[in-house]
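Look for subunit A in each of the two complexes below; its partner is subunit B in the first and subunit C in the second.
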Partner chain A sequence: MKTTLTSRFTSFLFILPYLAAFSIFLLFPILYGVYISLHNFELLSKDYEFVGLANYINIFTPGTYINDIFFRGLWVTAQFVLFSVPLLIIVGLALAMLVNALPARIRGLFRTFYFLPYALSASVMAVIWLMMFDTNAGFLNSMLAKLGITGIPWLTDTPWAWISLILTTLWWTIGFNMIIFINALNEVPEDYYEAASIDGANAWHKFTKITLPSIRPVMLFIMITSTIASFNIYAQPFLLTRGGPGDTTKVLLINVLDQAFLRKEVGSASAMAIVMALIIIIISIVQFKLTSGRKGEA
Partner chain B sequence: MSKARNKFSMLLLTVTGAALIAAGCSGGTSDGEKTPDEGKSSGSGKKTEILFWSPFSGSDGPFMKKIVDKYNGSQDQYKLNFVIQPNGEYYKQLDVALSTGKESPDLMIMHVDQVPTYASKDQLQPIDDLAAGAGINKADFAEAATDYSTLDGKWYSIPLDIHPLVMYYNKDLFEKAGIAAAPTNRTEFDDAVQKLTDKGNGVYGYAVPTLWPQQFIFPTLVWQNGGELWNGTDVAYNSPEAVEMVQWLRGMVDSGVSPANVQQDGENTLFLQGKNAIQFNGPWMKSQFEEAGLNFGVAPVPQIGKAKQAVFAGSHGFVVPKSVTDEKMTAGIGDFLKYVSTNSMDWAESGQALASKPMLESDAFKALEFQSSVASAFPYVQFAPNVLNWGTVSEPIWGELNNALLGKKDAQKALDDAVAKSQQALKK
Partner chain C sequence: MVNTRKLGVTLLAVIIAVFFLLPLVWMISTSFKNDFEALSGKMNFFPLKPTVDNFVQGINGELMNVPIIRWIINSLSVGVIGTVIVLIIDSMAAYALARLQDLPLRRIMLSLFIASLMIPGVLTFLPMYMEFNALNLINTYPALILPATAGAFGVFLLYQFFSSFPREIEEAARIDGANKWQIYARILLPSAVSIMVTLAIFTFMGIYNDFVWPLYATTSPEMRTITAGIAMMATGSYTQSYGKLMAMTTIATLPVVIVFILGQRSFVKAITQSAVK
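So, the complex of A and B:
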């Protein structure tokens, strides 16, 4: 079909509202962030000068303070991403299948239960889990003590601190993944399963040969959004472990925000944020290529 | 759409957005834009309006509001508009407001240890003239706070209160252990916590915090032991004096006086449950303990160190941004601060010990047992080292101290590591 000038114009009108919002709330701040990252910008300082790529070079120069906090934080964040993303996908899908298998009358109820924590603010989440995890006075350890297990250092020792942070993250955010998976599962045509049953397929075969291939695009979406969300981990370690024990759970975003608002050096903080964003973008592209490539072969 | 997206854009928005606002103005802010001050104080018959910022978003807010309301009712020349910003966000909000000059406060509360940083960034004006004009006498305030906020001979902050670390103890547990008086030195303290510890009932003498409020406890102990955090040119918290105090703290975990693996607020949870006999914390905890119905006492922190009595403290003070130049405005601010210096009993009611000497010596204040006990430490209170960006310079201490107190690192090694990181932060 040939596009005329008028039709192009009308389609432009349709995307205009989104474009405006996108430019004001996302594009402009990003570009401004780039601008700031090229200056030695300090909050409260009257003048600032163009320093070119110096802030970026600092990040990649071993021995500088920025280099140290950036890569130490990045390594901690990367560990969290590695641990959490697979679980966010697997548990999300498992919950979705579980809820879907429930009788229709109580399905909505459980869907709400599992989704509820997602609506809580970070501080409420933290208050609840600090009480759950407390080594010497918490709920979990009181329960475990009845089974003869005592003194698990949930937030003060590794690997427990990691386990606690991931448990909290699952509890807090899994509802979103679950809802998306439920929608995807409902999209799979019922006849596929019926046909497979007639052919004598068991539950495992139905899951691997029908369910998984059918929800592959949604799986990719969940994988990418979960990765991005996990990279942006901040509230859980900031409020629960305070980066401890030592600084083993001090994630990159804690360091970026300290740099911006404690040290007031917004220029280098913006550079850190932008390098971090680039890393996330590259990883998302790689995930996309890998996953869609596999689909092409099938 | 998704939480992921939201968080992602939040990151960019917070860092870039806040900086954006800051940038938009720091370039263009000229004296010409500062005229709104005059607009607010339109002359004939109308009241001069003064925008007053505070971080009192906790239970202390209503007490300050009461003072402002009473002042506004007491005269008809000036009107204070009292604004409470969220405590955790206060300095972020302030930085943005000061940078943009829009809705920027005319008078604000500032913690005394922030004064050197903001003064060096040329954000505050010396208040010597303002105080003299209003009849406020510098000698009427606790010296620790006025000395600290006097930089190069200029006075920047009129102190409201001083809040040192104090010792809270559970009176019921003390009675049960047969201890008559609160300990005042290391021997008495070590002895008391041994007696108070009752393993069978899960009661500990002193649960050692591994995170906050170590920001108050660690400096207190180091100073008491004759050490320094800052030796005038460099960070100094890996001295033998500091190491000895960290070993003393960790020793209580090893001997069972404290439980191991105390998490954030863990010692306070135990204290509220009546399972931790003593804790060191700030005066602001008082109302929480009262609400919990605890039978508790308060006393100055004992002298644990070998050298001298000392205690780390914070302090709220009033400061005036440099941009406030209107004469009516400064006269109004002076008038209000003069009023506060003699009418701040409402603030003492919030649990704070006041920095104004006439108030401290008043019968009304002396009748307040808790606040008087807090104020008894004023002669030897010390604030954070008067060093630009001390908050970031000292930041590595807390992670390494956490390591040492959790038993993951030797005390000397942990403090050496903290010093190395701080030195790197100083170099940038």
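So, the complex of A and C:
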């Protein structure tokens, strides 16, 4: 192949459009975000001054408003991550195994049923569940009333608000994890199970000694993607509980966007966003290192 | 014994399916109820007085005085245009990265694009808003379309596919005098139709379903996408008009559910492809 200047230029033309989009709408915003976080930007004002690391220092200085909303939001988000991630993994795997245990003819049908909510927009999902959870006229309370249980405050009292958020998250997103698990389970060689059967292994042994070790890389992938997704939780508390009752479900991302769009302090909001992104990236890397380091054990 | 077990498993699967499908069935059922019946707390799957008023009003714009049809058209056009742009620029970039050895800075760009897949959206959201604001592009179609074109997922997906394309075919075409553009347009692209469909479905659903960015990037009612519009209604003063809200969500869900069911096979493929990276 000739590598004349013209040829190299033609090659470059192919990548140019995407490179432009990438630079303008991904690379530049990241750098611009760092710049904003070092200034006292306000949403509607064109004047701003360099403030150095003040926005970052505020986040870590106990007693400041920013410190308060950042760490309270982070704690709420961390609780959500701790509750939801194990369920997203376990229920996802359980559904995948259930679908695989079904007669082959109806497998595809049930896979579609469990996966369907994933196709909905967050706002559609939220409106549907607002109606399901309505304390007076909602479907769930109407059903429970027939059993003599009345007036559960699904969205307005703890622990119900948490239960509702987790329930809707599972309903909406579990199909994604299930699909990946189904694919991983189907790739475990059938002869492993046959050999184990001949050796007299029971179902539990097959699951812990064959299935789990074989799907390990996929498990890691699900763990990391579910953690990142749960960290970025916004739609469910923003639309369903509005951060309530009180501030108990006010997650970090709500506080970041409120700081930017309600209080109009984009500078400090950007610093909050950057620290939040760093936390997410660090946790992903730690999970990756921890899990891939234990490979020898299994 | 095997049959009893299969029966038990199927029964369990059906019970769980009810949990997944019931909210959707209830949404459709409620959309045919008047507000009074929707708020009555009665569990009628078939409305006592079925009415199509919610839909009729939705279509002629009287429903809650919001332009639902305009919102749907916004969402569909933004989704389709964004998807077409992504398909064109991603396939060109993937072709260059995978097949054009003399591409300057090839390795650096490839690592940069792959690394960008790890970036959480929260990092770019506010600066992107400030960028569009500075360019006076808030509340315009470009603001709704362009941010979706920067993602590297499609480049990565197509790069993998183009990398494994047999070299002999490309070589034969070159001997016949085909240039890079002809090889891209007549050989590589036609071979990638199925993976392009996958990427198209993935991208369209991503743009159509996003609600946080459109919620902040639009300011006037007629520029909203349907998902942002619904989010506005849900947090506004219409929270309890369930019949009307459900008609709106039913209308909003139709296009994407059709795309989803028709393209489910491709969609599943895209998800599993992204998992094995």
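Heads up, the rule we're going with is that the second predicted complex is superposed on the first by the 269 of 298 C-alpha atoms of A that agree within 3 Å, B and C clash if a C-alpha of one lies under 4 Å from a C-alpha of the other, contacts with A are read in each partner's own complex, and residues count from 1 in each chain.
In this section, a contact is a pair of C-beta atoms (placed from the backbone, for glycine too) under 8 Å apart; a residue touches a chain by one contact, two chains touch by 3 or more.
Nothing here was measured: the structure is a model prediction, and the numbers come from that model.
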item	value
Touched partner set for A:A137, first subunit B, second subunit C, both or neither	both
Touching partner for A:D47 - first (subunit B), second (subunit C), both, neither	first
Comparison of subunit B and subunit C by subunit A residues contacted	C
First (subunit B), second (subunit C), both or neither touched by A:A122	second
Touching partner for A:V266 - first (subunit B), second (subunit C), both, neither	both
Subunit B versus subunit C as contact partner of A:T6, first or second or both or neither	neither
Subunit B versus subunit C as contact partner of A:I30, first or second or both or neither	both
Touched partner set for A:S284, first subunit B, second subunit C, both or neither	second
Touching partner for A:N202 - first (subunit B), second (subunit C), both, neither	neither
Touching partner for A:T112 - first (subunit B), second (subunit C), both, neither	second
Overlapping contact positions on subunit A, where the subunit C interface meets the subunit B interface	25-26, 29-30, 32-33, 36, 41, 130-131, 134, 136-138, 176, 228, 232, 234, 242, 253, 256-257, 260-261, 266, 269-270, 273, 276-277, 280
Residue numbers on subunit A that touch subunit B, as the complex places them	25-26, 29-30, 32-33, 35-36, 41, 43-48, 64-66, 68, 118, 130-131, 133-138, 151, 153-157, 173, 176, 225-226, 228-229, 232, 234, 240-247, 250, 253, 256-258, 260-264, 266-267, 269-270, 273, 276-277, 280
Residue numbers on subunit C that touch subunit A, as the complex places them	6, 9-10, 12-13, 16-17, 19-24, 26-27, 30, 38-43, 88-90, 92-93, 95-97, 100-104, 109, 113, 116, 118-131, 146-147, 149-152, 155, 179-180, 184, 205, 208-212, 216, 226-228, 230-231, 233-235, 239-240, 242, 245-246, 248-249, 252-253, 256-257, 260-261, 264, 268, 271-272, 275
In the complex with subunit A, residue positions of subunit B that touch it	2-5, 7-20, 22-23, 26, 29, 91-92, 95-96, 98-99, 118, 121-123, 207, 210-212, 259-266, 269-270, 273, 275, 389, 391-392, 395, 398-400, 402-403, 406, 408-409, 421, 424-425, 427-428
Touching residues on subunit A, where the partner in the complex is subunit C	1, 3, 7-8, 10-12, 14-15, 17-19, 21-22, 24-30, 32-33, 36, 41, 95, 98-99, 101-103, 106, 110, 112-117, 119-124, 126-132, 134, 136-139, 141-143, 145, 171, 176, 179-180, 183-184, 218, 221-222, 228, 231-232, 234-235, 238-239, 242, 253, 256-257, 260-261, 266, 269-270, 273-274, 276-277, 280-281, 284
